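Here you go, one structure.
Read from first to last, the chains carry the letters A, B, C, D and E; within each, the first residue is number 1.
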Amino acid sequence: MFAIALNHYLIVASLLFSIGFFGVMLRRNVIVMFMCMELMLNAANLALVAFSRFNATPDHPMMDGNVFVFFVITVAAAEVATGLAIIVALFRKRATVMADELTALKK
Amino acid sequence: MAESADKLISVFVDGIEVKVAPGTNMIEAANMAGVEIPHYCYHSHLSVAGNCRMCLVEMGTPGVDRATRQPILDADGKQVIQWMPKPTIACATNATPGLHIRTKTKLVKECREGIMEFLLVNHPLDCPICDQAGECHLQEYATDYGRGYSRYVEDKNVKPKRTMIGPRVILDNERCILCGRCVRFCKEVIKDEVLGFTERGSHSTIACYPGKTLDDNYSLNVVDICPVGALTSTDFRFKMRVWFLKETPSICTESSVGVNTIVWSREGVIYRITPRRNDVVNDTWMSDSGRMLYKEVAVENRSTNYTIEGKPVGAPEAVAAFADTLNKARGIAVLASGKSSVEEMFLLKKLIAAAPAGKKLVRVVPHVEKGDDFLISTDRNPNTRGALLTGLVDGIGAVDGGTLKALVDSGSIDTVISVNECVTSYGLDREELKKLNFIYMGTHFCESSQYANIEVPLLTVFEKEGSFVNQQFRLQKFAQAVPGPEGVMSDSAFLVALLGAMKAKVPANASAAAVWEQISAEVPQFAGVSYAGIPAEGLPVDGSAFAAQPFVEGKSLHYTPANA
Amino acid sequence: MAIKVLDRKPLSLAERTYLPQIISGLGITLRNMLKPPVTLQYPEEKPVIPKGYRGVPTLVKDPNGREKCVSCQLCEFVCPPKAIRITPGEIADPENPHVEKAPKDFELNMLRCIYCGLCEEVCPEEAIVLQDLYSLNSEAREEIVLHKDKLYELGGTLPDKHFKWDKKKKAAEDAASGDSH
Amino acid sequence: MDWIDLLITLLKAVVVVVIVMTISGYSVVGERKVSSWVQGRVGPNRTTIPLLGSIPVIGKLLTRWGIFQLPADGAKFLFKEEPLPDHVNKFYYNLAPIISFLPPMIILTVLPFGQYVKDGVSSAVALTQTDVGILFVMAVSSLGVYGLILAGWAANSKFPFLGGIRASSQMISYELCIGLSLLPVFMWTGGTLDLFAVVQAQGGVLFGESFGLPKWFIFSQPLSALLYLVALFAETNRLPFDMPESETDLVGGFHTEYGAFKFGLFFVGEYAHMAIGSALFSIIFLGGWSIPFLPLSAYPEGILGAVLSVLVLAAKTIFLIFFYMWIRWTLPRFRYDQVMNLGWKILLPLAVANLVAYAIVMAFMPGL
Amino acid sequence: MHEVLFYLFAAMTLLPAVMLVCSRNTVNAAMLMIVSFVGTAALFAMLQAYLLSVLQIMVYAGAVVVLFLFIIMLLDAGRIKSFKGRIKQIIVPLAFFVALSILPVLAILSGRGGEAQVGEAVAPASSAEQFGLLLFTKYQLPFELTGFLLLAAMVGVIFISRRNVSALPKSEGKE
């Protein structure tokens, strides 16, 4: 078995990101699309933490990546609240959460 | 009433004017005005005795000056009413022109209270035990006209409680109020003086004359007419309280008189049969033997299953097998029953007409027994004339045993349908029955039913609705009092189903009303008659077409044979 | 009627926090906790049955041991849930010719009975009495449908002074022996 | 890791879980007892176990106290028919009781139960000790609501569904208040998030000997304590905040469709939540295992001190559990809108104000 | 031990993510998202970012997914149409997916990303204290900005989710 190195985490992160991206492109349900976006954010977070961890030395703990993740999480929470509020408003107006049914601009 | 209008006289009951025939007594007159005058001893079909004094009323006549024979007028020019100073008994006083009756005055009220008090002095008040409770005039009048409490503190008379005065009648001397209706009934209706009064004063009581018992076939009528619970029926005694019982108008099937009856039942069980007043048929009487007919409803040999070759089947299978047999038959003999209703006879006629057989023999089996010239006639079939009217048979001749046997033996008849009749007594023995297709329809098993290929249970008169035509050609209907055995279709319903299986024209449903729509359309004598339209007292039907038929009835209460 | 509008008393600051109310409420419950319980330990302790309690209806006998019920069926008639079913019967007792009628069977379906007491109310012979039996139970439904024997067993004797049949019997004997007129 | 160490840790975990489970189990009996006391009744006092119950005096006493009610109830839940309604989402339906039951068990791993002094150095009696203790507790306890939401959703019928929705919104509303009300405490303790350190900070006396109050946070930060207590009631869905269950308007709320052992799991889970919540409140605001007016160093060294400290904490926890029940049988249930108003419009602003006030106080009085 | 845990948590992160994308049921998706987040949190913990790990669970599992579930239940958006007959729509995302996932993996494995580094035993990389220090010194401005962002988001959310936006006073609505 390999020793677990940065690469392993990066691969997981990239896979997670692509899964999320795939989901955003594939799914038509706004809520699920939103979830997939969260997955993508998570992937980024994972990569950041991994970089931060593997670049740390005993003298210099390299906290910046972690702090960045902290910001991301905070902003993500705000984003979820706002996004879901928008979805609720949308649902009230259109009674649907399917992206391909929200075609007001096309017409 | 047959009196023409101009002969009627005016009577005023509590100020209400009614027109009555001369000679009508005051009780009946008041009744027409809708005013009830309480009475015990008076009975519409018995002579007036006037011994209970319950019907005391105030009476007044238009004043006439004796000397001048001129009406006495008051200031307004109206004739003055001269009121009698003392009350009169309404039962024994006949209406005269301009008669005035007052039933609501203080005097009348006090009279009634006094009479009720005297009647109740020695009455045992054992209503909880008494069978009459619920239909007891003493109870009713005590609440309506009594004073409501008793002033009597002394001990009451004690008299014998259970005196058998006849095989079917028990006398409770304590309860008797000595109205004498039973005594008069014996004397005037059954014309056999059995009962009379004995002892004196408050010990006075009813008793049989020495050596006599009340064993006449009409003895139970005294139970009906007894206004209190003094005379009770051994059959109904302590069986059920009358307020639980449902009353269903019916017709007695004992004979062709067609006595009107009421069937008293509770939860599907019949407890007694009493006569229903019909002044052109049976007045208010009926025979004791007729009252016992309800016992045939729940007996051991009651037929309750459709069977084919002895095996129980459902009604649809029986209908199919029946229809199959009819369709295959070369010759059919039908022994119809004079106990069937008009509707069933009509449907049976249709059924036979629908069968493709070449030879068809239909006979109503006559039941001739000795009549009593009162309410039991010689012809014991209640609906002989119905069979004629519906066209089921063209005459009432007997089934010639020899003829039937010969026809069967010759093979021209291979199917025999018997409705409620035992064919072994008509010349067909078991060997022949085994050869035949034998269909037995009946309420009860009989000797021949065990050889039946198909057996159809029928309902008794109490379990179905329908109508009979009695000896006077009077169409009378009866209603269903109790449900039939479980799973048994009504006779009409079975016949309708059978007609349907034979692809014949059928009424909308098997109810009497639906069948009657067809009957009234096809039978000229019944034209315009609907089942609902048959009145309670019956509907006279034109029977002149059958005047030549050899009817066997003798004279009875309201019937005189044409040849007499 | 004139409608008078009452202004609600404005709440003080302390009242608006609800805390004093909550605390006083807690005090009340605490005081309740310290009080002894009022529970009746049922199977061991029996409740005191008040006078006029409507328990299981039972049939009673008179002090002579005669059944009082004459099967008049008024209770059957009046019973709202139709719990009573009487089969009337006759007693041919030459000793007491006035005692003519008694139930052949008296069926009281306690699964239906609602203990309303109308049967006791209506009984002209004071033969059916709602006594203080409050616990009637069984493992089988059939046993809850009480019959005549069981009802008399439960009812016992009603010690009233009303010797109706005795009086009748005596009077009948007197009438038979000495002709009074 | 040495396997013996692993075994010992496992053993410790099992012991702790068993103890907490017993406490939560008996809380059920306790609830019935407390309610009966409040209502002037006796409560469970009949259940008995053949052999134990016939011990002359003790058996009778235990029976009267309802001690054997718990095994009886448990056995009943176990042996009842397990209904599985046709219309439910089978997977989540089965999962929900477990999820609702798990968080308290996980929180157990970081709770300090007492202190163990060896050679003058005191350490926590706990399964593990982490420096993010309270954050971990909050993170895990917030997962408990999934049990309710899933139960409500999986049951696929109206009332449980409403219960689930109420649970989720109530949890979001009061989670904030919990965090904000705890912040001043951890500011006071100097930035550590460790629960052991919080208890250590509560030994001794507040404002010097003369004032006469234990140095517990409930005295130094009464508003924080009150806010946390109220939010704790809401988080554990206890009356007067049991909106998700609310049997008067929602039949049984989220567990309407549950029966037998799964219902039992919910039931015990609620009491486990309650027990853990009580322990947390004791640790954070009631000084943990500290005894009033005595310094924490008063505990003797070694096992004896450890056991004593655990017992003191247990006493405080049990009192709080009793307090939960006391409140339940005193106060009526809030209306749903009242719960929301209280959470957002009163508790949250109060918590923010409280936080700001303490921040200012601490900024200007650094020696506090 | 470390390796096993890593693969376990990686699987716990990735598999639910895949299932999420394919799930037909929104509630299922939300639950799968939790599992994925918990897996990520575990990976954080393996990277010794304990605080972030706890935050991850607290914020995502504790709040975000509850919010998701609340909205899903509120909108009754549980069921989703099947994917049948939508093959065309799948092809393009699938291509993106393959490209996005294969390329980096290949790149990393081919060693172009530089030599893989093996983590050394470093003192706890993140404690709450260090975090706080950094936030209030080096990242003071972003921190304040984030706070402002949260406030803005809160105001925005309240505005959006008002039941009847058009019922606002006209002067506001016209702008």
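Just so we're on the same page, contacts are C-beta pairs under 8 Å (C-beta built on N, C-alpha and C of every residue); 3 or more make two chains touch, one makes a residue touch a chain.
Every value quoted in this text rests on a predicted model; they were computed, and no experiment measured them.
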Chains touching both subunit A and subunit E: none
Centrality ranking, top chain (CA atoms only): C
Dominant interface by contact count, named by its two chains: A-E
Distance from the mean Cα position of subunit E to that of subunit C, given in whole angstrom: 73
Distance between chain centroids, defined by C-alpha means - subunit A, subunit D (Å): 34
Subunit B-subunit D separation of Cα centroids, rounded to whole Å: 86
Distance from the mean Cα position of subunit E to that of subunit D, given in whole angstrom: 30
Residues of subunit B whose C-beta touches two or more other chains: none
Per-residue multi-chain contacts in subunit E, two or more chains: 51, 55, 63, 67, 74
Subunit C, residues touching no fewer than two other chains: none
Topology of the chain contact graph, where touching chains are joined (line, ring, star, complete, other): line
Contacting chain pairs - touch in the sense defined above: A-E, B-C, C-D, D-E
Of all residues in subunit C, those that touch subunit D in their complex: 22, 25-26, 28-30, 32-33, 35-39, 41
In the complex, subunit D residues that touch subunit C: 34, 36-42, 326-327, 329-331
In the complex, subunit E residues that touch subunit A: 2-3, 6, 10, 13-14, 17-18, 20-21, 23, 26, 29-30, 33, 36-37, 40, 43-44, 47-49, 51-52, 55-56, 59-60, 63-64, 67-68, 71-72, 74-75, 77, 80-81, 89-90, 92-94, 96-97, 100-101, 104-105, 108-109, 113, 116-120, 122-123, 125-126, 130-131, 134-135, 138-139, 142-143, 146, 149-150, 153-154, 156-157, 160-161, 163, 165
Residue ranges of subunit D touching subunit E (in the complex, touch as defined): 1, 92, 130-132, 135-136, 138-140, 142-143, 145-146, 149-150, 153, 161, 164-165, 168-169, 171-172, 175, 191-193
Subunit C residues touching subunit B - in the complex, by the definition given at the top: 70-74, 76-77, 88-90, 97-98, 100-101, 124-125, 167-168, 171-172, 174-175, 181
